[in-house]
Structure formats: structure tokens, C-alpha cells
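Consider the two complexes below, in which subunit A is the common component and subunit B and subunit C are the respective partners.
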Partner chain A sequence: MRKARELDVRWVFLALAAALTLAVRFPFSQPITPSPAVKAVYDYIEALPEGSTILIATDYDPQARAEVVPITQALLRHAFSRGIRVIGMTFWPDGAPLGARLFRDIGDEYGKTSGVDYVYLGYKFGGMAQVITNMGESFTSAFPADPEGNRTATMPVFEEVRNLRSVDYLIDIAAGETVTAWVMYGADKYRIPMAAGCTAVVGPDLYVFMNTGQLNGLIAGLRGAADYEVLIGSPDLGVRGMPAQSAAHGMIVLFVIVANVLYFRKRLSLRSRRQAERD
Partner chain B sequence: MRFFRLTLPLIIVFLFGLFGLGIQYSAHPWTAETKETLALWIKLIGGVAALLGIYSLIRLHVNKVRRRDEGWGYSTFFFLGFGIMAAALIYNGGQWFWNGFVQDTAFDQLYYYLFEAAGATMFSLLGFFIASAAVRTFRARSMEATLLLAAAIIVMLGRAPLGEMITGYFPRVQEWIMAIPNTAAKRGVGLGICLGLLGMSFRIIFGVERSYLGGGAR
Partner chain C sequence: MTEKDKNTLILAVCVAVFIGANIVLFITGHFPSRTGGVPDWGQTLGLMAAALMSFAMFSFLYRDNPIFRAVENLFVGLGLGVTLYVMWYLNLKPEVYDRLISPMLDPSVDVPGADLVLIIPVLMGVMMLTRLSGRHGWISRYPIAFLVGYGSGFSIQPMIHSLILKQVEKTIVPVQMSAAAWGLCALVAVVAVLGAYAASKGGRLAVGLKIAAAAVALAYVIAANTPSLNARPQLAEAFRAVDLLLIVLGVLCVLCYFFFSAEHKGALGAASRVGIIFLMVAFGATFGYTVMARESLVIGRIQFLLGDWLGLL
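What follows is the complex of A and B.
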């Protein structure tokens, strides 16, 4: 009886694993209505004229890939489909090969050429303030070569886009605290409109910048990626992950309710026992 | 000895602390150049610190293996992982590391199929720990706890299409919780942290806080 009043966490793990497995194996359709924060990013990119340039910072490592890779893919697809040039870089050394692969794969999907339609500059060692300020002066001096050793000075993409001031939109996709530095030293200093993509855990920290208008949009977590995929009409990893997210969140809520019911039953029985002892 | 161990570091910290603070308030070209030089110094110190970190990590695991400490077997995996990844990156598909990064080499294979997969697996385990923590801690014990519990349930359901299936209010209320009460709390915490940092910086500059010198407050 005592055991029935307390929930064994092993049952929670087992039920969660079963729910996730079933949701992935037998996906079900659900309504996905994009949030205003995600739609703001989509609308801004949609309004940019062809030939504009956006900078996407892939500030994450492979640990966060389940959430941030779908966001990056969706943004790259949207930009490339509209003929927008993309410059990529990262402040996370572990994430540089992952970012480079994403740019290459999505670029190939749309027949884009590295150095012309896009470039992934890789990781730059040094303080964020210093590197962003250097990019504010000149991309080619901040990054003399891309990770493969190609000289940036000879790249057509940098003929018009000389520095951060020439960038039309800045997006930091973050698994950590890089957005603050991008806002302070990049977007605010050079007056560039900025948005962010992030893991769901980081999301609550960034609403502060949404309220002040320093970020004009936010794509948070796998749900954000799914919203963006719906908006660009290209459902992929984000939308495919939604049944699992629904199942996991639903299961956790269910267990929280069950745990509370057991807690109140236990409290009631304790109270009635004490009452009986007093009588 | 006391002069070199205590007085000199305190003088250096005091002078550099005030200098670093002061140049932030000047628009003179000299200060801009000085800031760049200081940033270079920070880069150099970072490089040396990275080397020191690697040395210290290797020493820790060497000692563990040598002394056959509990779990010493895991330390051998550190050497395997570190050695193989470093060797693959240095070899760089036959082009060696001083040339541009070559794609589709052994390093790429290790990164994509081992490091990336292992990292994502570790992170995904977090979901199970969050579930377990939520079940064990979310109890309606008091008014505050009940509010937290309700907010958590609304946000969890609002962030998944499941909530939208139940009622369209979940995503909207979730968005409101994130934009208003969450932001208010974050701002309060953020301001507190900033004031704390400011206070700590002044304590260090003026030599009140000395624990970074080692040996406690002596």
C-alpha cells in the first residue's frame, strides 16, 4: 500500500521510453500553428529582396543537434530558395564541422556555390566582443581564410558584403549564452535587425530581448523548427519530431498529475490517522 | 616573499583593474589600440590556459591509471579518444594540420559517427532526468508551488501540438507566461547578477576579495 502511494521513477523512465518509441514508430498528425515569434523571422526573411545577405551563427555543438539542426536547415532552405546569400560562422569550436556540413548539404540541395552564394567561415578563437568588432570592420580580415584554407579576399560573396554593417539580417542559433553578446556587440552596435534560434532551455532567457525589440523573432526548440518548416512548406525533422514531443510532454504531465493525486491521498490518510490517534 | 606572494599581485590587479575600467570611458584612438592589444593578450592567455588544461587532464588520468584508482579503466578511454581524434586532425587526410581542413577524412568519420552521435545521445538522456525531476518535485504543497505546477503544465502542453489539440488557449497562455511573468523574473535575476558582479569586481580591484590568490583570505 505504501508503494502504491509513491511513484517509482523507473516506471516513469519505462513509460516515457515506450511513449517515445511508439510516437516515433507510429507518428500521428497534429495541428501545428506557427507562433508569432517564429512567424516574425519568416516574415522578415520573406520581405528581404533577392541578393540580400544574412549572417547565421551556428553557436552550438553536436549535443544540441536534435533541436538546433532542424532550425538551421529550415532557415538555410528559406534563404537559399529566395536567392539570399548566407554567411555562417561559430563561436563553438565543437560545432564547426557540424555547421560546415549543414551549409554544404543544404547549399548542394539548392545548387548553391560556396564562396559565391554562401560561405561558412568556421570557428574563430578569441573573445566574442573582439571577433564581432573585427567583423564589423572587415570580414576578410577577421577571417582571412575559410576552414578549408580558401582565401576569403578572393571570394565573390565578399565583394559587396565587406563587413557586418553590410549584412541585412543577423541570426544566432544558440545552445548557450552567445545571443547576449551578438545583441550587444553586433546587432545594437551596427544597427542590424536580429533574430535568434535556440534550444528550448535557452528560450526563456531570450524573451527579454524580444520585449525590448532587440530581437525581432525567436525560433525556440524543436517546436520552433516545426513552426518554421510549416511556414516554408518543407516539413522535415522538426515536424517529424512533433509526435515524440507531444507524447513526451503528455506523459510527463500525466505523471505529474498522478504523483500529485498520490501525494494528496497520502496526506489525507496521514491526517485521518492522526485524527484517529487523537480521538 | 610576502611582497611577491601578496603585495605585488594586489598592486597589479589594482592598476590593471582601474586601467581596464578607465579605457572603456575614453574614445581616444590610443585607447582603441590598447583595447585590441589587451584582447590579443587575452587570446594568448587563453591559448596557454588551454595547454595547461590539457596537461592537467593528462596528468589526472595518468595518475588514476598508475594508482589503479576506482574507475581507472575509464581513463584509458580518455587516452584513446583524445589520442585518436588528435592524430586524425593532425594527419588531416595526409595534408597535415597546417594546411586547410580536408573533408571526408578519418576525423570527419569520427566526428560525425562517434562524437556527434555520442553527444546527442548524452543530451537526449536529459529528457528522462527532467521527467523524473518533474514527477518528484512538482507537488501542490503550497500556493507558490501550485502556481509553479500550473505554469509548468501549461508551458509543457503549450509547447507541443498536443496542447493545441486540447484547446487553442494552451499555446496563447504559454506565450503570455514566457513573455510577461518569465521576463519579469529574468530581469530581476539579471539585475541582481549584474550588481553582484559589479560588487565582486570592486572587491577584487580594491583587494578586499583575495581568494583568487589562493590560501583563502589570509
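What follows is the complex of A and C.
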């Protein structure tokens, strides 16, 4: 018992790593029921007519890719499969190359052309409030060129969609606190329906915007990505990660129970020893 | 064997396993990676380096070591390098250097009149840099003052609208109280009172009450999120009513907890204790989500190592 109490924490790390590796390598099937918050995003995009435009802000960097890349991929696949135009940009400079690659790869998957069916505008410095307000006036003046240097003024995608007011849906995929600024200066100001995708860490902070209707949907973490992949019928990284996540949860719960049992047993034995000493 | 020898041996074994794994990958034909049927050595080296870096970062879980620190510094440096590259090539070069500075340096090219306005932000940027000088640092106060003033004026109205008024508006909404809603509310009230009482007392009874209150709260959360129960309109309405009342109760009790102008005794003390419970639930949810996020990051790395690097997925 004492040995168990003094177990080196590195054995716990090793056990967790082994469980995760096994679950990733030999995944087990498990039901995935999409949450209402994720389904709300899916339903909204599903209801948009062909030729609508959504703006996806990829406000993250490669550190968060395990969670946010599956969300971005699932949203892009859904939009492109429905013939919806997508405008992308980011407020995270080191996330710009990753965002551009995701747009290009998924665009190629669906035979879409940059500048016509979608455009990734990259990073823009100058503060979120100012850039969003600039986009509210004109996309082409806020972003004169895309990261490849192509002039946005000549792009067919901006013939009908001149500014943020012409966007039908706004989605911020965030690894930080950018959603609040998008809600304040974008969705609320220009009255654009908005949803968010985010890392699980950010998720709890965004439910306040769900309650007020400022966000009409939320895709949080790998679990949210898995939900969305199930909804669009295209299981990928999110769904593949769920068995491992369940295994990790199981292991953690097991460790918590074992640690508590050991703790209370120690307390009981201490108490009975003291009682014996008193007697 | 000394601790140092043991660590050296572990490091040697890890390096040998890593090199061995890559040799096996070359022998089995997984490496070099191919793009369009052609060997892509850049991609291959990238995969090997990424795998090596991942193991180096994970090595911290065993103990702090020079390899981990070297890779950590490399990571920070690379991140900064990419940021500088993106800022220069996507923003500063096309919008400042190409439009203003380059034409100024070339006498044969006229700077368009509209672009001359760029001189003002460039000048303010340069003024910011005087911060680095002890003697001329005061100059930086002017652009900072401008930015703070502009930022405040720009943000105060949307902040009040989006972060205060909208939240208050949705906290006080009309609630339709059916019999089921009253019943659930009574249950919630009993649990809240028991929770507050237990929090104020010690002993076995308090522990029992805390467990009972937690069990009832958990049962309610499970019931409120069960689709079959929510399919019944009356129950769904009751759950909604209780949720709204819980939001109001939570807001008021948490505000009481943060009200320091009076001693937390009597009704204020009880409310602040209930406020602590709400805060703990919020912190618990945040912590749970954080654990889930960290798990996801490890899963992403394992997917990379097993899939992209080893080709086992």
C-alpha cells in the first residue's frame, strides 16, 4: 500500500502514453452523438443557399493544430460540398501559413479555385478592432493582396462580397481570446450570425455568448470536430481521436479513484493509530 | 551505476531506438516520402526532425534535460522567426516598404499622393522605438497616448453593448413556471440550502450533505441533458426555467461573494457560500476542458508519430 502511495508519477505518464498509443493504433468503435451546439452550426450552414459566403477566421497557430485543424477541415468540407464561398483570414501571424495550406488542400479536394470559390487573405496587423472595422468597409482595402501577392481587387470572389456586411455567416476558429473581439466588432456591429470553433481550453469562456445568442453554435475541441465530422458524414482526425480520448478519460478517472481510495485508507489508518495511542 | 550513468544510458538507448526505427523505415520503403511518385527528401527530413523534436519535448516528462531545453529554445526562436517573416512579407513590405520607402529611395519614381499618409503611422512607429533609449524614451509617450485614447474611444461602446448589456438582457428574461418547473425549482432550492449549510459546518454530517447535494446536482444535469426527457415539451420547458433561474441565482450569489464592503455573515454569508459552489463548478468545468485539450494535443502528436512518421495508421 505504501509503495502504491509513493508511486513515481512517471509511471502514470507511461501508463497514459501506452493507453493512448494503443487506442490510436487499435481504435474501438464508440457512438458519437453530436451536441446541440455543434449541430446548430451544421444546420445553419446546411440552410444557406448555394453561392452564399461565409468567413472563417483561423485564429490559431500550429501548437493548437491537433484540435483546431480537424474543425477547420470539417467546416471547409461542408462549405465546399454545398457550393458556399469561403473567405479566410487570421489574426495570428504564425498561423497564416497553416491556414493557407488548409484552404488550398481542401479547396483542391473539391476542385475549387482560389480567388473564385474561396480566398485565404492571411494575416493582417493593426489590431483586431481596426481590421474588422476595415473589413466592414471593404475587404479589398483591408487586404489589398492575398499572401501570394494576387491583388484582391481583381478577384471574382469579391465582385458580390464587398465587405463584412455581405457575409452570410461568420465563424472564428480560435485558440485564444479572439472570439470576443469578433463578437463585439463583427457580429454585433454588423448583425452577422456568428459561430465559433475553439480549443477545449477556450470553450467554457464562450458559453456565455451561446446563452445570449451572440453565437448560434460552438464547436469545442477535438470532440466538437468529431461531432461535425459525423454530421457531414466524413470521419477524419476528430473521429479517429475519440477512442483515444475516451481511453485517456477512463485512465484518468481510474487514477483519481485509486488515488482517493489510497488517500482515505491512509487517513483511516492514521486515525485508528492515534485512537490506539490515546487508548 | 550512478544517476548520471543511468541517464546517459537511457539517452543512448532512446537515440539508438530512434535511429534504428528510421533505418527500418528506409529498409521497408516507407522512407523516403514520395510526392507524385518522386522521392521528396525535404519532406522526409522534415518528418524525421519533427519526430525527433516530439520525443525531445516529451523527454521533459522523465526529467528536465539539456536536449529538452535546446529544442524548447529552438521552438521559441522558430516561432518568432515565422512571425517576423509573416509580418514583413505580408504586411510591412507590401504596405510600407513597397508603397512608401522604395519609391522614396528611387528618384525616378513618384510616390502617389495617397500613400504619403503612410508617413504618419511610420513616424509613430519610430517614436515607439525611442522607448529603448533612456534619454529619449519620453517621445514614445505620444504614440502610446494616441493609441490608448483611440483604443478606448473605439472599444468602450461595443464593450458595454456586447459584454454587459447583452449579458444582462439575457440574464433577466421572463420565465414560464409550470408545475414541473416549480417542482424542479424546489429541488434546486433544497440542494442549494443543503450545500450552503454543509459548506458552513464541519463533521461527518456535512460530508454526507455535500455528497448528497453533489449527487442530486449531477442527477439533474444528466436528466437535463437526456434527449428523451427533453423531447417532452413540459419537461423541456421546466429544465429551461430552472436553467434561467440558476443563472440568476448564480450571478447574484457570485456577486455577493465578491462584495467585500460588508462582512460575510448571515444572509450575505450564506449567499456568498452558494456563490463559491457556483465558482467551483465553473472552475471544475474549465479544468475538465483543459484536461481534455491537453489530451487532444497528445493524441495529435501520437497520430503524427504513428501515422505520418511510422506509417502504422
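Keep this in mind: the second predicted complex is superposed on the first by the 276 of 279 C-alpha atoms of A that agree within 3 Å, B and C clash if a C-alpha of one lies under 4 Å from a C-alpha of the other, contacts with A are read in each partner's own complex, and residues count from 1 in each chain.
Here is the rule we go by: a contact is a pair of C-beta atoms (placed from the backbone, for glycine too) under 8 Å apart; a residue touches a chain by one contact, two chains touch by 3 or more.
This structure is a prediction, so every number in the text was calculated from the model and none was measured.
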{"item": "Touching partner for A:101 - first (subunit B), second (subunit C), both, neither", "value": "first"}
{"item": "Partner chain(s) touched by A:269 [first = subunit B, second = subunit C, both, neither]", "value": "neither"}
{"item": "Partner chain(s) touched by A:154 [first = subunit B, second = subunit C, both, neither]", "value": "neither"}
{"item": "Which of subunit B and subunit C A:237 touches, first, second, both or neither", "value": "second"}
{"item": "Subunit B versus subunit C as contact partner of A:203, first or second or both or neither", "value": "both"}
{"item": "Partner chain in contact with A:7 - subunit B first, subunit C second, else both or neither", "value": "first"}
{"item": "First, second, both or neither for A:260, with subunit B first and subunit C second", "value": "first"}
{"item": "First (subunit B), second (subunit C), both or neither touched by A:213", "value": "second"}
{"item": "Partner chain in contact with A:25 - subunit B first, subunit C second, else both or neither", "value": "second"}
{"item": "Contact residues common to both interfaces of subunit A (with subunit B and with subunit C)", "value": "13, 16-17, 33, 61, 63-66, 94, 97, 122, 125, 127, 129-130, 145, 147, 149, 200, 203-205, 208, 211, 221, 223, 245, 248-249, 252"}
{"item": "Of subunit A, residues touching subunit C in the complex", "value": "10, 13, 16-17, 20-21, 24-25, 33, 61, 63-67, 93-94, 96-97, 122-125, 127, 129-130, 133, 144-145, 147, 149, 180, 183-185, 188-189, 199-201, 203-205, 208, 211-214, 220-223, 237, 240-241, 244-245, 248-249, 252"}
{"item": "Residues of subunit C that touch subunit A when the two form their complex", "value": "61-62, 79, 82-83, 86-87, 90-91, 94-95, 151, 154-155, 158-159, 161-163, 166-167, 169-170, 227, 247, 282, 285-286, 289-293, 295-303, 306, 312-313"}
{"item": "Residues of subunit A defined as touching subunit B within the complex", "value": "7, 9, 12-13, 16-17, 30-33, 35-37, 61-66, 94, 97-98, 101, 122, 125-127, 129-130, 145-150, 200, 203-205, 207-208, 210-211, 221, 223, 226, 242, 245-253, 255-256, 259-260, 263-264"}
{"item": "Of subunit B, residues touching subunit A in the complex", "value": "36, 39, 42-43, 46-47, 99-103, 108, 111-112, 115-117, 119-120, 122-124, 127-128, 130-132, 134-136, 138-140, 149, 152-153, 156-157, 159-165, 168, 171, 175, 178-179, 182-183, 186-187, 190"}
